[in-house]
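A, B and C label the chains in the order they appear, each numbered from 1.
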Amino acid sequence: MNSARYGTAMAAVVSFTFGLLSAGEIRAEPKTNLLSQWSQGSDAAAIAKLGEMYKAAGGHWEATSIAGHTANTLAKLRANVVAGNPPPAVQLKGPEIAEWNATGMTLSLDEIAKQENWEQLVAPELLPVMKPKGSWVAVPMNIHRINWMWSSPKALDKAGITDTPKTWAEFNADCEKLKAAGLIPIAHASADWTDATTFEIVVYGMDLDLFRKAFVEGNTDAMRSPGMVAAFEQFRKMINWMDPGISSRTWDVAANMMLTGKAGFFFMGDWSIGTFNAAGFKHGVDYLCAQAPADNGKPGFILNSDSVVFFKQKDPDYLAGSKLLAHLIMSTDFQTIFNQAKGSIPARMDVDLSKGFNPCQEKSEKDLEASIKAGTLVRSFAHNMTILQKYRGAAMDVITEFVNNSNISAADAAKRMADAVEAQK
Amino acid sequence: MVVEPVTFTSVRAVPKRRRPLREWLSGILPQLVLAPSLLASFIYVFVFCGWTIWISVSNSSLLPDYSWSGFHHYVELWGNERWRIAYTNLFLFGSLYVVGATTIGLLLAILIDQRIRAEALWRTIYLYPLAISFIVTGTVWRWLLNPSTGVESLIRHWGWTSFKFDWLVNREMAIYTVVIIGIWQASGFVMALFLAGLRSVDPDLIKAAQIDGASMPRIYRRIILPAIGPIFVAVLVVLLQSAIKIFDLVVALTAGGPGIATTVPSIYVYDLIFQRGQMAEGAAAAMMILFVLSFVLVPYTIWSNWRLRREASRG
Amino acid sequence: MADTTAYDPLGAVGTWRRRQAKLIIHALLGLFALYYVVPLAVVVINSFRSLPDISHNGLISLPHSFSLDYWSSAWSKFCVGGTCNGIQPFFFNSVAMVVPATVISTAIGSLNGYVLSKWRFTGSETLFGLMTLGVFMPGQMVLLPWARVLGWLGLTNTIGGLVLIHCVQGLSFTTLFCRNYYVNIPDDLVKAARIDGAGFWRIFRKIVLPLSPPILIVTVIWQFTNIWNEFLFAVIFSSGTNQPITAALIALGTADTGVHQYGIESAAVLIAALPPLLVYLFGGRYFLRGLTQGALK
């Protein structure tokens, strides 16, 4: 065939192909790749369910789950950003949302937020976290309660304790009874975040204002105050009621001590429920849930919330995918399924918890509402919802040293913590 | 150099320039073979180091930021108690780990070299810790060394009720458990390296010494071990780099605890750069880790130069 | 065949002393073996125990339950890393990454070692020193520069990118091992071959390579093991469906807020340990004795 006809034929083929391609581009196929740290067990199952919902809604689903410490997920996020390839969706929380928002790379969700009325559905304490500069950039998946005190009915019976303690004075008295009965009063596993969790529960229970000033605002004068010293003293009493092996176990092993009746009390957030259930333990028989002691007598709630942030993308498929994912995450269906698996409660306040949720989860929601009304709702410092990571990290180093070194006095600890945070400013 | 016989059959003149080029190329063939690796190593070592040095004096926090900030990150780093503990731990752990793993690895290699039966079985037993990632082995040892559920409670259960092995939870002794488990992990590979070296020694040398009546320990000391000197160097390099970079083992075994007693520099670097958004300070810490090398390289260079000079003056 | 004329370290002593020596040797080896094997025993036992059993009776105890389910769950049903297909897909990703990286870095390292020990030139020792410096760079430090480089090369989140990283980082080690082993090959052998007219490649093929099995297997063991078990880069430079196996395994060691299925995780760890173990077992035949013996004759 001569070259002229060949040329015409090629031109026809090329323009036909281009036509096909551009026709495809008009309708974007939503796709996403969710980067998170939920890589195994019940967490992974919950994310897999999100994937199924996404696929059912017509999206192309991919998930990258990074095991280990949160630092690994953040490392991957940074590596991708530095390589010029920010992920479409990432699990981020607390002040990190504000930090990444400040880089200008995050996607605004105001459109969907307005359409679906998120302002009314999400707990007020979470709003400044999800909207650091006034614009929605993150969508919350759940609300964890930190200030739970788990107790063993078997151990309490043996020590002759009839009611879970409501104030720290009652708690101390109960610990003495447990000790006298030959049991370990408090089960604990020492790690920087578990020590900080227990300590923030103590501070919150003893002085709500102190908690707000020191741990939410990061005020170092509050960290030096006599109130903080008193909190460290109470904490030291509690450490003396723990067994010597705290630094060599993980928190689920400590939980087992409480669940099998060897220890009386255990402080940990509500994700414990998932672990308790998977190991075959039952509420009411093996464990009880109660609000951790609060000296002000009011209902209290320390909250932690996982959320997803979206990054700007060039590919319109990813943009459409992000909108779809944000919509799905806030949907009642997802909020129900996800939280049933994780032990937390939905971030949407209008979800009915009477079916498929643990009695402790129902209690958690009621307490959340009561706490909002009483004005005692706060975000967690130990779980990275308040001050910047560099201050939090410095404070946690001091707290965990205090737990493991009995030579550090309460006054010394308060000073060190304040100094360490100040040194980072 | 090969001399080609001259042939008169060719009529067309062969361009004389082609032969020297080919010869030149084959002359520098060794360098050509080495070149790609050299280039890659050069970029990997110097460019990446240079980038890290620049970041350590910049304003980087969440992400790299290339504006100048000065050396204050180094000052802040050293003002931090956790960093000072980590750096001290590095020296303590490093020296014990290198010496311990070399000794045990050498001992195992010599034992296995004795033509024993089931050599493959023993070798695999000592090598298998390497097959499992540090994080997993660290976690399992954590369970084993936990006083209330591990070895201590087991031995007490068997009757020796005053047995105590609570090093893991003891602030002073915890670092030594890290050393012990580190040696457990590394000595298998050291054994393999030494075994390869031992097997490469010329057997005639040894048979001659045996005929002369020398005992085996003497032969090992005077003939075999000096002959594998370069293998020793390789072992030391491997163990040293492993000690400097130690991360997974500490995270799994003690999580840097009790408190921050066993924290090590690479954990802090990772924390600073990726968790706390303090990239410049993290880069400064990384450069300080590399600086530890000079404590080893400088004496080594002095020693090897002294040895070369001594051999030159003798020979 | 090397056995009959190779030396026997205990050859010079009498039979009784020899038997005594062998007893002591075996006793020592056995004692060490115990220290080595105990953790493995724990993981193996736990891979057959149910979670309630472990929770009630502790992580170190004799089993009160037995089930083979955890092995099959670990392989194909466990929810890990965003999918619920067990560790199977990750296993094959790791194989696709480790085999090329090991083969390439060992081959190049062996050539480099040959050049640096038998074809020295001015400055080759310094260059060797510079290459060796690469082994000391902490992973946390080079993570972001590598991210940049992979971004430029368009290899972000691909197995190819990981192969590149492990090759470059492994070169320093493989070169070190091979060079420090090859220096023991008598230089006279090489000189004699050159006089006979053999060139660079011929000497490598006919003299150096046949003497290399012990160091090559050591190098392969090192590279295979380290790349297979490497966590940080594997997790940061891959995504979604091409994550290697360490991404799925690390769960055993972490104390985060998820539920630990110890039985399944233990089985997963053992499955993941199999490829390196097989390399050790089958590579053992290359730890040959007396290869240089007779070469000079």
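Basically, contacts are C-beta pairs under 8 Å (C-beta built on N, C-alpha and C of every residue); 3 or more make two chains touch, one makes a residue touch a chain.
These numbers were taken from a predicted model, which means no experiment stands behind them.
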Between the pairs A-C and A-B, the one where more C-beta pairs touch: A-C
Most distant chain from chain C, judged by the mean position of its C-alpha atoms: A
Mean-CA-position distance for chain C and chain B (Å): 14
Geometric centre distance via CA averages, chain C-chain A, whole Å: 38
For chain A paired with chain B, centre-to-centre distance based on mean C-alpha positions, whole Å: 39
For chain A, residues that touch 2 or more chains besides their own: 69, 72, 75, 78, 82, 191, 253
Sequence positions of chain B contacting 2 or more other chains: 64, 149, 251, 255, 270, 273-274
Where chain C touches two or more other chains at once, by residue number: 58-59, 143-144, 146, 231, 249-250, 253, 255
Complex interface listing, chain B residues touching chain C: 2, 26, 29-31, 33-34, 36-38, 40-42, 44-45, 47-49, 51-52, 64, 104, 107-108, 111-116, 119-120, 122-141, 143-144, 149-150, 154, 184, 188-189, 192-193, 195-197, 199-204, 206-207, 210, 215-216, 219, 227-228, 230-231, 233-234, 237-238, 240-241, 244-245, 247-248, 251-252, 255, 266, 269-270, 273-274, 282-283, 286, 289-290, 293
Chain B contact footprint on chain C (complex, rising order): 5-13, 21-22, 25-26, 28-29, 32-33, 35-40, 42-43, 58-60, 108, 111-112, 115-116, 119, 121, 124, 127, 130-146, 168-169, 171-173, 175-177, 179-181, 183-184, 186, 197, 199-200, 211, 214-215, 217-218, 221-222, 225, 229, 231, 246, 249-250, 252-253, 255, 269, 272-273, 276-277, 280-281, 284, 287-293
Contacting residues of chain B [partner chain A, same complex]: 62-64, 76, 79-82, 142, 145-149, 166, 168-169, 171, 174, 251, 254-261, 270-271, 273-278
Partner chain C, residues of chain A touching it in the complex: 33-35, 37-45, 47-48, 51, 62-69, 72, 75-76, 78-80, 82-85, 87, 189, 191, 250-253, 256, 259-260, 269, 271, 274-275, 278-281
In the complex with chain B, residue positions of chain A that touch it: 69-72, 74-75, 78, 81-82, 99-100, 103, 190-192, 243-249, 253, 388-390, 393, 397, 400-405, 423-424
